[in-house]
Structure formats: C-alpha cells, structure tokens
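Across the two complexes that follow, chain A remains constant while its partner is chain B and subsequently chain C.
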Partner chain A sequence: MNARAQRLLAIADDELILGWRDSEWTGIAPTLEEDVAFSSIAQNEIGHARALYELAASELGTDADALAFDRRPDEYRCAPLVELHLMDWAHTIARRYLYEEADRVRIDALKAGDDAELAGLAAKIDREETYHRLHAEMWAGRLRSEPRFRDAVEELWPYALGVLEPDQRPELARRVGLELVDANERGEHTPELTELWNEMTEVRRSDPGATW
Partner chain B sequence: MGARDPAGRMIFEVFRQEKKGQPFAHAGSVVAPDAAFADAWAREQYGRRGESEALWLVPRDAVHQVTEWADEFDLKYRRVDGYSIKERLRIARERAGTAAPGDS
Partner chain C sequence: MVTAAAVWAALDEIPDPEIPVISLVDLGVVRDVAVDGEHVRIEFTPTFLGCPALEVMRRAMEEKVAELGGQADVTVIQDDSWSTDRISPAGREKLREAGFAPPTPRAAGATTLVQLQSKAFRCPYCGSTETRLENIFGPTPCRSIRWCESCRQPFEQFKTI
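== the complex of A and B ==
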C-alpha cells in the first residue's frame, strides 16, 4: 500500500472509530440537548471517514464499506486515543477536546499540502469541524477547573500526541498548553479495538457480500 | 440574565427561519447554561439536516407575553368573516389596472 493510501486510512480510521465511540453516548448523554448534539457530531465524524475512505478506495481499487468493515482489527491504522472505551463524561470530553485540537493541526497541514484532492476534502471537513471545535472548547472551558476533567486530560495527553506525526506535536502542545511527553503511538492497538470491531462489523459479517 | 434552574441552566426559545426572507417561526426550546451552549445545542437540534437558514435564540425571560384580552362587547363587526372581499378586490384591481398576485 502506498504512502498516500496509508495516510488516508489513518485519518479515516481515526474518524470512524471516534465517531463510533462517541455514538455510544446516544441516549445516555448528560442532557437531552447534549445527547442530540453529541450524536450529530459522531455522525459527522463518520461522514468524514466515508469521504476519506472513498479517496483511499479509488487509490486501492475497492470501496469505502470494504475499507471500513472488511479489514481485520490489526489492519486498522487508527491512533489508540480513539479506541479507548470511555464511558465517563469527563474522559469523553477530554478526548473530544484533545482530538479536535490535534485534528485541527492535521487538517491545517493537509489544507496547505501538495495533494490538491486531499487539500480540498480537508477544507470541506474543516468547515464542519469548526463547529465541533466550538462544542469541544465550550465544554473544556466549562470543565477546566474540575479536577476530574484535568486528570482526564492529563491521562489522555500521551494518547493525543499519538494522533499526530512527531513534527506536528509541538504545535499541539502549544495549543493545549501541556509539555511534550512520550506518545502512545499509532500502530499499537488496544484490546478495546477488537471489542469495538466485533460489534461494528457484526451485521456485515453475518451476510458477506449482501447489498444493503 | 434570566431565571435559572438549580443546575444553573435557563430556557432559550428557538425560532427557526426555513428560507431567506421567510418569517421566523417558533421551533421549540433548549435548556442551556449560557448562550454558547444554547448555540451549539440549537444548531444541532434545529439545523443539522440543513432545515434552517437561521435561528434566533431568545432567553425565555426576554419574551414579553400577553394573555389578557378585553372584548366585553362582542364587536363582531371588527371581524372580516361574512364579508366577500374577493369581488371588491377584483373591481379595485380593474380600476388600478393591476393583476392579482400570482396572475402575472
């Protein structure tokens, strides 16, 4: 697989798996309004994943669904940050906030990059991410002085660094106001990914090749 | 600004404009701690399917409500039911030389 496809899959997998994780709050978010908003953001992330998979699919001669669902867990290229099963609101918001900050650094780089097709898609994704960032920053601002939230941010910080390439990490540290530390790198998967994968691909595996 | 529940939240009434130039109509409400949360939540609740051109978020306390009416003498002649205005409009239009809206 060429470098471009690998890069596309890494970002697409991040978006798909985080979208899936965030959608686990549907029906049980802290308030009704947040439930709707959080679910909608999760759907947006999955929409971004689809667009990125489609680009990768044309490169690899397959389709978006096959990339999203037909690979084995160890073939996914997502960062460990998005795999974690975090059913605690402080951790969930800490992850959303850190991910959005990291994603912004990544999207800015893609928009400024040589790959015109990917730069165009990044700009399109960025217009939606603007509102995701507003949402994340609003929550982070509100919870900033809560020890539970601060602990969660600190705990997830090495994972957040793992979302980005090493040369992009100082920018993330500057934005978030934390020191650089050793990252939980992309490539190593948590056991939580396999659990998620089992659930996520269950229907598709039940009838391989079916059209929906 | 506004009356808050024990958790510090207040009600924002949401008005939605479907297309440019159309009037805003009441769509519902969101309960939020401040205008920023109300913005984020109303945006998703009332706009995520592209169904809104714009939203107005108004703290419920800012709405001045009118419910008391004095109509003691049953002034039926103030109402237009029973009058056929169509014929008069036709004559007026003929005189002015203009077409009915939608006829042009």
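== the complex of A and C ==
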C-alpha cells in the first residue's frame, strides 16, 4: 500500500471509529440537547470518514464500505485515542476537545499540502468542523476548573499526541498548553478496538457480499 | 434529444429529501451539467459530508435524467466549492416561508459562537430579531435550533458554512 493510501486510511479510520464511539451516547447523553449534538457530530465524523475512504478506495481499487468494514481489526490504522471505550462524561468531553485540537492541526497541514484533491476535501471538512470546535470549546471552557475534567485531559494527553505526526505535536502542545510527553502511538491497538469492531461489523459479516 | 436546459429544469423539480420545500438546484448543489448525446454528466457537491441524503439525491437525479431519455453519470465533487452562499435567493425565500431561517451570508472567517449568539437571526414566523441560540446542532448536520423570544416559538436555522 502506498504512502498516500496509508495516510488517507489513518485519518479515515480515526473519524470512523471516533464517530462510532461518540454515537454510543445517542439516547443516554446527560441532557437532551447534548444527545442531539453528540449524535449530529458523530454522524458528521462518519461522513468525513466516508469521503476519505472514497479517495483511498480509488487509490486501492476497492470501495469505501469494504475499507470501512471488511478489514481485520489489526489492519485499521486509527490512533488509540479514538478506540477507548469511555463511558464517563468528563473523559468523553476531554477526548472530543483534544481530538478537535489535534484534528485542526492536521487539517491545516492538509489544506496547505501539495495533494490538491486532499487539500480540497480538507477545506470542506474544515468548514464543517467549525461547529464541532464551537461545541468542544464551549464544554472545555465550562469544565476547565473542574478536577475531573482536568484529570481526564491529563490522562488522555499522551493519546492525543498519538493522533499527529511527531513534527506536528509541538503545535498541539502549544494550543492545549501542555508539555510534550511520550505518545501512545498509532499502530498499537487497544483491546477495545476488537470489541468495537465485532459490534460494528456484525451485521455486514452476517451476510458477506449482500446488497443492502 | 436531451438538452442541458431540460436537465436543469428536471433537476429543479427534485426536492431536497430532508427539506423538501427547496429543490436541489435552489440549494446550489448541482454545480455543472454537460450533455453529450444521451450521456449526461452531472457534477454534484454535497452540503455537509455527513448528510445521509446523499445517495437519495444521487438516485433521484439519475431517475430524472432517465425520464428525459438520457443516462446520468453523477460525479460527487468533494471539494470546498459548496457553501451556504450558493443557495439561490428564491431558495432562501422558500426556506423562510417553510419556517427555516436561511443561513446568514458567510463572513470572511469561520463562524464564531458570538456570531451565533448575536441578534442577527430573524424569526421566520414573526420576523423578530429577538431570538436566541438553543442548540448549535439540530435534526440534520446542516441545521441549528433557535428560540424566538417574541412569538415564543422554536425554529430551525440553516447553518452558515
């Protein structure tokens, strides 16, 4: 697999798996408005994943669904941050906040990159991410002085660094106001990914090759 | 004989699957139509990438072109070329009549929370600007929820992107 396809899959997998994790709050978020917000953000992240998978699919001669659902768990390239099963609101918001900050650094780099097709898509994603960032910043501002939130940010910080390439990490540290530490790197999956994958692909695996 | 004008007119009859008061042409998502004999190439830009109606819209366009006797090849353009500024004046008016506040014109920079909380948004029912943001997120990725202090009615705002 070439470097471009690998890069596209890494970002697409991040967006799909985080979208999937965030969708686990549908129906059980702490307020009704948050339920709508989280579900909408999750849906949009999965839409970003689809667009990125389509670019990767034309590179690899396959289709977006096959990339999203027909690979084995160890073939996914997502960062461990998005895999974690966090059924706690402080950690969930901390992850959204850290992911949005990391994603912003990544999107800015893609927009300025020399891959015109990916730069165009990144610009479209960036427009939509405005609303995800407003949501994350609102929550981070509201919870900034809460010990549970601060502890969660600190705990997830090495994972957040693992979303980015090493040369992009100082910018993330500057934005978030934390020191660089050893990252939980992409490529080392958590056991939670296999659990998620089993559930996520269950229906598709029940009838391989079916037209849905 | 299929003509580009006939295709545009046919596409203008396709309602948005989730906001059916507005057509795909008014929504500004049809970027180009090129006709070569029976073959019709349509360039289409999604509103939001997370829009679940994408496939429904693609199929509706293919069916409309087939009714004209043509064969459509719909290409989804995944770049930055659609913004809410592409919604036509007629489309904005149709949104307003149906109880959706149309998007505000896009400023140079990204939308901020302060802008969303400002009084720039007019209630589509009574016209008052005494409205407040209830939730940035609504029933689809492209909509927010606002509340009118004057007529005490919630309404949907098409997000500016």
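One rule holds in what follows: the second predicted complex is superposed on the first by the 212 of 212 C-alpha atoms of A that agree within 3 Å, B and C clash if a C-alpha of one lies under 4 Å from a C-alpha of the other, contacts with A are read in each partner's own complex, and residues count from 1 in each chain.
Here, contacts are C-beta pairs under 8 Å (C-beta built on N, C-alpha and C of every residue); 3 or more make two chains touch, one makes a residue touch a chain.
The structure presented is a predicted model; accordingly, all values stated were derived computationally and were not measured.
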item	value
Overlay on chain A: chain C relative to chain B, clash or fit	clash
First, second, both or neither for A:Leu121, with chain B first and chain C second	second
First (chain B), second (chain C), both or neither touched by A:Val203	neither
Partner chain(s) touched by A:Met1 [first = chain B, second = chain C, both, neither]	neither
First, second, both or neither for A:Glu33, with chain B first and chain C second	both
A:Arg142 touches, of chain B and chain C: first, second, both or neither?	first
Touching partner for A:Ile46 - first (chain B), second (chain C), both, neither	second
Partner chain in contact with A:Tyr131 - chain B first, chain C second, else both or neither	both
Shared chain A contacts, counted only where both chain B and chain C touch the same residue	33, 36-37, 40-41, 131, 134-135, 138
Complex interface listing, chain A residues touching chain C	33, 36-37, 39-41, 43-48, 50-51, 54-55, 117, 120-121, 123-125, 127-128, 130-131, 134-135, 137-138
Residues of chain C defined as touching chain A within the complex	48-52, 78-80, 82-83, 110-113, 116, 134-141, 145, 159, 161
In the complex with chain B, residue positions of chain A that touch it	31-34, 36-37, 40-41, 131, 134-135, 138, 142
Chain A contact footprint on chain B (complex, rising order)	30-33, 36-37, 39-41, 43-45, 48
